[in-house]
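Okay, so chain A shows up in both of these, paired with chain B first and chain C after.
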Partner chain A sequence: MRRALWVELRRGTAPYAALAMFGAGVWVLAAHPDDWGGRWVGLADYLRVSLLVLCPLMVCAGAWQAGRERRRDIGELIAATPRPGWHSLVAAWLAVTLAGVAGTAVAFGGAAVLVARVATYAGGDWWQRAAVGVLALAAASAGGVLVGRRVPLRVAAPIAGLATYLGLAILTYWNAAPARLSPAYDGRRMYSLVPEWVIEWQATWLVALTVLLLAVAVRRWRVALLAGGVAVAAAVPISTGPSWNRAPADPAAVELVCTSSGPEVCLTRVNAFLLGEVAAVAQPILARLDGIPGAPRRAVDHTVRPAGASVAEDADTVWLYLDFQATALGGLANAEDLRTAFRQETGWGCAYRLQGDEFDQRIHQADNMATDWLLDGSGFWAEGASAGLRELPPSAQRAWFADYLDAVGRCDVPALVRLAEQP
Partner chain B sequence: MTTVSVAGLRVSYGNRAVLDDLAIELGVGVHGLLGPNGAGKTTLMRVLATVLRPDRGEVRLLGHRTDDRVGLRQARRRLGYLPQAFGFYPRFTVREFVEYFAWLREMPAARIPLAVDRAIERVGLRDRADDRMKHLSGGMLRRAGIAQAIVNAPRVLLLDEPTAGLDPEQRVEFRTLLRELGRDAVVLVSTHLVEDVAAACARVSLVDDGRLVFAGHPEGLIAAGGDGDSGDSPIERGYTAVLRGARQVSR
Partner chain C sequence: MTGRLLRLHLRARGASAFVAGASAIALLAWAGGTWLAAQPHLGGPAARLPVVVLAPLLAAVLLGPTLAGADEELERGTPLRWPAWRVGHVLLAVLAVATALALTGLRAPETFGAQALARNTLGWIGLVAGATALLGARLAWLPAFGYGCVVYLAAPRDAGVFVALWAWPVQPATAAASWLAAGGVLALGLAGYAYRGSAVGHRLPSRPVTI
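Right after this comes the complex of A and B.
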C-alpha cells in the first residue's frame, strides 16, 4: 500500500489537491484575519468556517481522482489484477486526503505561527474542533471518490464540488437540528466549550460517513451497512440533542485580565493579547471621565456581558467589542471602532428613542458635543463639535458633561436642548 | 501440460452470441490467436483475462476455476494481460507504471524493484524508464504495456494486438521476447499479423464467428492453403483456406 500511496501522492490528483487547498486556505485566512488573529480557538473555529470552501474542493479532488480509471480507459487492465478493488481506491483516496490536509495544514500552520507569537489562551477544545475539521476533509474526499467512481461524466467533479458548496451553505445558515450534522458552521464559539459528547459524536459520524462512502464506492455492501449503522447511531444524538449554540462559557477563556495601572481596562484571557493596545485607546478616555458622576469608570470585554458571566452589567462599565478587532499579526485592527463603544455612553440611545414632534436636532448637537469632548476632539463623526465647550475651564467642562449624562439618562429633552445651546 | 482450459464457452452481447460452445486447451508455449474482425478474439481474450464473465462454460487457468473467488485471485496473480485498448496514466513514469501494476498483481514488496527493472529491460525501455508515459511514442507505450504484463513473471500471458504500433525492428525483437517468454508460460497472442504467428508461435488457433475452426501448428495452417487461395504468403493462403472451408461447412 505504501508503494502505491507514494506513487499516487506524486503522480495522482494529490499534488493539485495540495496546491488548491493551500491556495484556498491562504485566501480564506487572508479574507478575515479578524476572525482568528491571536486566538487558537479562533483559528480552529475559522477552519470549521472555512470548510464551506475547503470541503467542496476536496469533493472535487476526490471525484477527479476516482474518475481517472474511466478517463484513461484503464479499468479493464486493473480488473484483471488480483488485488481487491478497494486497495487501489483507498490508496487513491488516502493520497488525495493526505495531500489536501497537508495543503490546508501548511496554510493554517502559517496562521498558527502568527497566532503562537501573541496568543494569551491556549486552553479550551480548539484542537478537538480542528481535528473534527480534518475528519470532515477526509469525509469530503471520500464523497468525491464515490461520485467519481459511480458517475461516468467528466463534469462530475466540478458539479459535485458545487453541489457540496450549496449543500453546506444551506446547512450552515439553516437553524434546524439536522444542520448540526454539517461540520461547517458560522463560527462565533470562541468563548464557549463545545460539549465533549458533541465532538465525540461528530468525529464518530464523520469517520463512519467516510467508511460508508468508500464502501459504497467499491460495492462492499456489508461494510457499508455496518458503517451506515454507526453513522446513523452517531447522527441521532447530534441532531436530536440540545443545541450547542448556547454552550456554556469556557471559564478559563473568559477569565478577565486587567491593566495593573491607570483606569481599569479588562479583557478576557482569549483577547488579552490586545490588552496593551486597547488600554492605549481606552485609558485616556476613562481618565477624562474620572470623577464625573454617572460616568463609566472602567472598560471591559463585552464577552463577559451575557447572563451567567463573571461581571454583572452596570453603569460604571463600558463594554468593548473585540470579536473582529485582531489583525493577522495580533494587533488591534481598528481603534476607531473601539471608540464607538464610548460613543454609546453619550446618549445616542435617547436621540433614537424620540420620535416625530418630540425630536429636536439640538439633541444631536448635544450628543455630538459630548462625544467630541469625550474623545478629545478626535471623534470623526462629531469632529469640532465641542470646540466651544473646550474653551471653558476644565471644571466647567466636566460639570457640563455631568449634566449631560444626567439629562441623557432621563432622556430629558429640554435639558439636552439647553445643554446644546449653553457653551 | 495444459494450463489454460476452456470448455463449452458461450458469451453473448444481447441476443447475439459472440462465442458459442467454444473449447480450447493451451499448454506452455507461444500460441497465436487468429481470426477476422468480429470473430470473437478479443472477447475470448477478455474471458481468459477474467474481466468478462461468460454466460456459460468453464474456464480454468493454471488449474483454478475462474468462477471460484479464491481460485480466481490465485490465477490472477500469475496472469499478465495487455488489452487491445491499452490505457495508461500519463503522469506516471514507465517505472512507476510498471511498479504500480506489480503492486496490483500482489507481488511481494521486496521483489518488486528488481522485477520492474527486469521487465522494463526486456521490452527495451531501460533508457526511458524514468520518462513520463505521456512522453512516449505509440510503439514505446505498447512496450510499456508489455512490461506491465510481464512484470509478475506470469504463467499465463495474454497479449491482444501487442505488435500494433511497433516498427519492423521492434517486431523482430518482440518475437524474440515472445519465444523467450513462451519457454515456461502460456503465451496467447491475438493478432491480425499472420507473419508474427508464423515466426513466433508454436501453435495457432483460428476463430471465426465465435467458433474455433482450427487449432494446430503453424505448419498445419500453411499446409491447409493451396496455390488457388488468396494471400501473399503460405500462411495467409492457409488462413483464408481454413476460413473459407469453415464457412462452407456452417452453411
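Right after this comes the complex of A and C.
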C-alpha cells in the first residue's frame, strides 16, 4: 500500500493537484489580503471562504485520477491482479488528497508566516476552523474519486468540479438550515466563537461523508451504510440546531487595546496590530477636537459597537471600520478610508434628512467646511472648503466648529446657513 | 456533397450530445438566473453573476471533446480544407451557445444578463479552442476550468481597465475592456485551433507507465 501510494504521489495526478492547489491558494490570498492580513482567525476564515474554489479543484483532481483506468483502458488488467480493488482506489485518493492539502498548506503557510509577524491575537478557535477546511478538501477529492470511477464521461472531471462550484455557491446564497452543512462560508466570523459542538459535528460529518463516498466508489456497501448512518447522525444536529451565524463574541478577541499617550484610540485585540498606524491617523484629528463641546474624544474599533458590546454607544466616540483595512504585511491599507469615519461627526445626516423646500445648498457648504477643517484641509471630497475658516485665529476656528456641532445636532437650518456664510 | 460532409462531420464529433448538453445548460441558466434575479436581498439581476460565469464555461467544456476526431492524424490525411472546417466548427458553436444563453438573460440584459452571457461565451470558447491546439481535446477544458474557478473569488473589489482585462468573465457588460479581452481570447484561440487543430497525443514516455 505504501509503495502504491508513493508511486501515485510521484506519477499520478497528485503533483498536478498540488501545483493547482498551490497556485489557486496563492491567487486567492493575493487577491484579497485585506480579508486575512494580520489575523489568525481571518486567515482560517479565508481558507473556509476559499473552499468555494479549492473544493471544485479537488473534486476535479480526484475525478481525473479515478478515471484513469477507463481512459487508459486498463480496468481489466487491474482487476486481474490479486490486490483488492479498493487498495488502488484508496491509494489514488490518498495521494491526490495529500498532494492537494500540501499545495494548499504551502500557500496558506506562506500567508501564516506573514500573519505571525504582526498578529496580536492567537486565541479563539482559528485552528479548529482551518482543520475543518482540510477535512472538506479530503471529502471533495473523495467525491471526485466517486465521480471518476462511476461516470463514464470524457468531461466528467470538469463537469463535476463546476457542479461542486455551483453547489457550494448556492449553499452560500441559500439562507436555510441545510446550507450549514457546507464547509464554505462567507467568512464574517472573525470576532465570534463558533460553538464547539458545531466544529465537532462538522468534522464528524465530513469524515463520514468521505468514507461514504469512497465506500460507494469501491462498492463496499456495508461500510457505506455505516458511514451514511454516521453522516446523517452528524448532519441532523448541524442543520436543525440553533444558527451559529449570530455566535457570541469572543470576549478575548474583542477586548480593547488602547493607546497609552495622546487622545485615546482603542482597537480590539484582533485588530490591535494596526494600532500604531491607526493612531497616527486618528490622534491628530482627535487633538484638533480636544476641548470642543460636543466633539468626540476618542476613536474605537466598531467591532465592539453591536449589541452586547463592551462599550456603550455615545457621542464621544468615533467608530472605526477596520475589517478590510489590513495589507498582507499587516499595515494599514487605506488611511483615507479611516479618515472618512470622522465625516460622520460633521453632521451629513442633517443634510440628508432635509427634503424639498427645507434643503439649502449652503448646508452642504457648512458640512464641507467642517469636514475640511476637521481633516486639516485634506478631505478629498471637500478640499479647500475651509480655507477662509482656517485664516481665523485658532480660538475662533474652534468656536465656529463648536457652533457647527451644536447647530447640526439640532439640525438648525438657519444656524447652519449662517455658519456657512460666516468666515 | 458539402451538406453530407457536414452531417458526417457533426456526427463524428458528437454534435448531438453537445447540443443536448448545451440545451440542458441553457435551461439551468434560465432557471438559476430567474431565481437569483427575483431575490431582492441578493441585489436583483446583479446576483446572476455566478450564472454568467458558469453557464458559458460549462458549455465551452462540453465543446472540448468535439474539437478533435477519433483519429486526428487520420483525419488530417483527408483532402479537406481543415482550417476552414475548424473555424466554421468553432464559430457555429459560438453562435449556437451565445444565442441560446443570451435568450435566457433577456430580463435586464445589461446587468449580468444576455450581453455578459454572450461575451463570456466568446471568451470561454476561445480559451477552450486555444487549449485544444496546445494540449489536445482531452485536456482542453483544463485552463478554462482552472481560471473560471479562481477568477470569481480572486477578482479585485476595485475596478479598472487592467482588472477588466484579466478578470473579464466577472465584469459588467458595460466594461469595454472586458469585451476586448474576451474577443481577443476568441481570436487567438480560433487562430491557434484553425492553424494547428487538436494537438496530437505525445509519444509514449520512456519510463514505464505506472498505475
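The working rule: the second predicted complex is superposed on the first by the 423 of 423 C-alpha atoms of A that agree within 3 Å, B and C clash if a C-alpha of one lies under 4 Å from a C-alpha of the other, contacts with A are read in each partner's own complex, and residues count from 1 in each chain.
Please note the rule applied: a residue touches a chain if its C-beta (ideal position, glycine included) is under 8 Å from a C-beta of that chain, and two chains touch if they have at least 3 such contacts.
All of these numbers come straight from a predicted model, not from anything done at the bench.
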Partner chain(s) touched by A:E76 [first = chain B, second = chain C, both, neither]: first
First, second, both or neither for A:V49, with chain B first and chain C second: second
Contacts of A:W127 with chain B and chain C, given as first, second, both or neither: neither
Which superposed partner A:W197 touches (first chain B, second chain C, both, neither): neither
First (chain B), second (chain C), both or neither touched by A:W174: neither
Which of chain B and chain C A:W221 touches, first, second, both or neither: neither
First (chain B), second (chain C), both or neither touched by A:Y165: second
Contacts of A:R3 with chain B and chain C, given as first, second, both or neither: first
Chain B versus chain C as contact partner of A:A31, first or second or both or neither: second
Residue contacts on chain A - larger count, chain B or chain C: C
Footprint overlap on chain A, comparing chain B with chain C: 7, 11-12, 68-69, 72, 74, 77-78, 88
Complex contacts: residues of chain A adjacent to chain C: 7, 11-12, 20, 23-24, 27-28, 30-32, 49-50, 52-53, 56-57, 60, 68-69, 71-72, 74, 77-78, 88, 154-155, 157-159, 161-162, 165-166, 169, 173
Touching residues on chain B, where the partner in the complex is chain A: 46, 49-51, 72-74, 76-77, 79, 81-83, 85-93, 96, 99-101, 103-106, 109, 112, 148
Residues of chain A touching chain B in the complex: 3-4, 7, 10-12, 68-69, 72-83, 88
Chain C - residues contacting chain A, complex: 36, 39, 42, 47, 50, 54, 57-58, 61-62, 64-65, 138, 141-142, 145-146, 148-150, 152-157, 209-211
